[in-house]
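Below is one structure; the comments refer to it alone.
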């Protein structure tokens, strides 16, 4: 769950990581006031979950408070990559001498945290956070010991970070570590950390991705879900405790399966058979509560969905139980689209006979279910 | 036969009184595994599975009565999993710990991996379906009838998908030596590369199927290992080819972020290393049989 | 540095460790008000750094607010073991069903933290904190991992702690761990932790010893020094950064040496030669600043001191440099008592010649210095 | 000759630009030890000791140039000592780390001991004067002329007191094989028992002097070891017999709290185990010579 810039900057401020003088605003009038307060040129940045928003008109400079008002009112009237701009961050514009990208993440290769520093502005933070490049300068951190000063020194030396600013840099990195561990972040990035003409060291922007698994001890994560989850469907599934992705494609097929891998494989199958997938639901294979009925209810009322493929491998929750739940959702639904089901594993026979003549279509194989669904949508579109 | 487990091994189940814990403990027991004891902090002194398996409030007490236990399988819910895994590591008796629990915070998993690394204990998971040597031994949550014994080793990042793959192989008459489910979360105690090495060293395994997925670079790292240091042929399949960039799939390690984790890229790397990949699972039996 | 009970209870409250309803008071009038507020029998406890104060009249029960006022005004008028009673803690009296002693300390044998539980009320917390008895129930804690719930469960089970109260006990121990590590304590003890008739689990009293070495990152430790250090001399030395102990003995000999072992050995020597030692100063052997002059200044103005034995082994700070400092203190002193000096190691010759005819008496050996000092005090007393 | 160190060993000095660090590095250098490099985060690229020893900003860089360094001695001030000791442990190259710094918070020392334990690195200190093999090697802060070579091993918890003891022995014509200063703080990386074992295993050491002190139970634990598993005779002396109960002496481990750490009790335990103790240091040479 990636936070928006202004949320990141709030956390940075709380942890003593220096950020530009600035504030978040919800109206052009507020922007004007903030720009007046800052009293010099400002940068106005759209608060949207879009990578590379700068290239899409989401970051603009204003030389005066009046210009700031105009620019922000334009920005907030439009959409970027489909996202409405409800908020903008207004920051002092700074004259930059050097820039560095600093990422604290957990390295999937070692399974330990790593602090990474690089200077290539073209590289995506997300790429750095997910796989350490051999060209990156990085230090591996013992998760039981935590980041130590000597490691930061080694990193800074290798990167040629100005020795005169080492102690400022060290404190920033130690604060990043506190933030990283205390909020259960998947990564924290300073993107970039700049050295200004006046030798101030400032995180011009930052990125934080939170770990959804830590929700049980980080209740504030739930507050951020509204901003992060794109659709109503996703938000409802999040609250109920199952996994739902909505890609927003029209005239599409939804895939419902148990287990992440099986769900992904089902999606691949549909797309490669010529279908469009918009909604992906994993009801889980070893969950205490099976959510198949709730999931199907959400799918059936979504107007953009024209068919559903259900692919279940029965294990602790048997196919039979899932069939019952699907049936109850089906019977309660106001809107119905064809649902093609493939069962395997425990309870397959029982499930198939339960759904016979129910309106839900039981298929003999996943291939059969997928091909039927694709044919169905083709028919409706065609 | 085959790797890591056998039917003689004494096993402890942590979290045995939870719904999943008891359900799968029973399946393993019925399969013929020696489930000697369960652990549940709140059910000390009780018995589960029709009075066949005693429950203790800690691993320590369970090991006092059953000092021969060499493996633990953990079903403890995610908020308590860190404690349970530290407890398993601290016991010092286990050569193998499998964690079935999914959704453990990534910082906890990192710490636990560090602890098991330091102790030299084989840790599989989290979010792992366990290990299954068809016809021989089962430490995990596999449906026992989804596979038949044979000489194909399977390494998988996902649970139900691997059952479906095993069943596909079974339906084609292809038997399996061992299936290792390394777990679908972002971090794994036993990596793809580790699991491939284990199977490569196993005399009962003649071919290997790798079931990977979108996200991470684990498989790419493993590809060069397959090429340069393994003698057993490998066929790879990756789920999530059609998964869009920039999205995260639930709690799993499945996401393409910054271009990392793309299935097409994984396939390219494998092909460059001379490892065969299949785009469709239904092609798997045919490609496997072409090695002989 | 051991804290007083009310300081301990303040920290317990801040960390969510349950304590009896109660408050600290500085006057009998305040005690009466607190007792009225509590509205049932109270326990009044003298806030003094004395072990076993209960047996010395420092803990008394009052059945009414009026009785509480009388008892506390008596208590605060007197002294216990020489300590004036400036403050008393007033707590609700509780009907106790079971009591346990819980100690979190660092085990000198393993060098790792340990959580200890015992039920023998006769045993001193200090003994438990300094050496784990084989009969104690204890768990060793990895300092990099920290105390875990399973360890608390193991401890509780072995001690027969009621399973119904395990989760309360677990949380108390985890909070103890937070407190222990966050304030850099040498030990934290619940003494005792009681289960009341109504199944409340409460720390009736507690002990915390802070680590003076952590002063650089625990500035609050300095605030406590006033309460903990017995004499003005000790407080002054603490502020200046050297080690000073004042045992309060009259007509005594002070020992000044460099290095803790050498200082102790010097003290042994003096006492075994028949002298009384009251003041012990270690000016340190590898300190950046040598404090010999400040130490001698304090000793010379202390009326109870009749002679000083100085025993120096010259190393980084040579005997010569120390001799110069001693001389400057000697020359500036208003009050002078005989000072007998033994030098060894680096700079011995230079030091001896520097002090020749200065008034400070250079001796040929430690034995000589000690015997001279003892003879001197015997003479003055006799 | 004798234990742990020798004149050929390459040594790194952490905290070499501090007053104590540079002073003692020079003494060791003059004694003939191979001080190859110093570390100081703020003095990278400079040289100390008349341009003879280069200074690096980290152990890592020092080891890049001097990969043969096998020992480090740490003079870094207490607030930064944890970082310096983790750095020494992390380097992985050192077989021996001596920490001279005193007054390191006890929680930090505990963590550092845990780290060195896990890595199998010999850690001596903190608040240690180091190791001195008279006439042969010196890694520490001992005045080189306080002892002559011989066959008596010395284990001490204190610094200057041990110099005074060494000088007493020298004046009596008794030579020393090795003196290990394990440090006077509450915790020690190398305990009394460890140090006694090292000397017991040393062929150059025929008798051992243990200089203990008030506080703790380290010596009592060591006593039974002396009795049951050592062949070298031991004479023990304890400072602080007259130290009052309930007081703490400075930052050191010297305190009698709850009856623990009393010198009289230590002496009794030693005597019960058949180990000789001396009440006065001046008696030490005579008692030592009675063993032969």
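As written, the chain order gives the labels A, B, C and D, with residue 1 at the start of each chain.
Note that in this section contacts are C-beta pairs under 8 Å (C-beta built on N, C-alpha and C of every residue); 3 or more make two chains touch, one makes a residue touch a chain.
Given the structure is predicted, the values throughout are model-derived calculations rather than measurements.
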item: From subunit D, the most remote chain by mean C-alpha position; value: A
item: Selected pair, greater C-beta contact count between C-D and A-D; value: C-D
item: CA centroid of subunit A to CA centroid of subunit D, Å; value: 55
item: Averaged-CA centre spacing for the pair subunit D and subunit C, given as whole angstrom; value: 27
item: Whole-Å gap separating subunit B and subunit D, where each centre is the average of the chain's CA atoms; value: 49
item: Subunit A: positions in contact with at least two other chains; value: 142, 144-145
item: Sites on subunit B at which at least two other chains make contact; value: 111, 115
item: Contact graph of the chains (line, ring, star, complete, other); value: other
item: In the complex, subunit A residues that touch subunit D; value: 145, 148-151, 153-154, 157, 163, 166
item: Sites on subunit D touched by subunit C in the complex; value: 18-20, 23-24, 78-79, 100, 102-107, 109-111, 113-115, 141, 143, 146, 156-164, 167, 184, 186-189, 191, 211, 213-214, 216-218, 221, 239-244, 246-255, 257-261, 279-282
item: Sites on subunit A touched by subunit B in the complex; value: 1, 51, 106, 108-109, 111-113, 123-131, 142-144, 181, 184, 186, 211-214, 216-217, 243, 245, 247, 257-265, 267-272, 277, 280, 282, 285-286, 288, 313-316, 344-346, 367
item: Residues on subunit C engaged by subunit A in the complex (per definition of touch); value: 142, 144-145
item: Subunit A contact footprint on subunit D (complex, rising order); value: 41, 44, 57-61, 80, 82-84, 86-87, 90, 111, 115
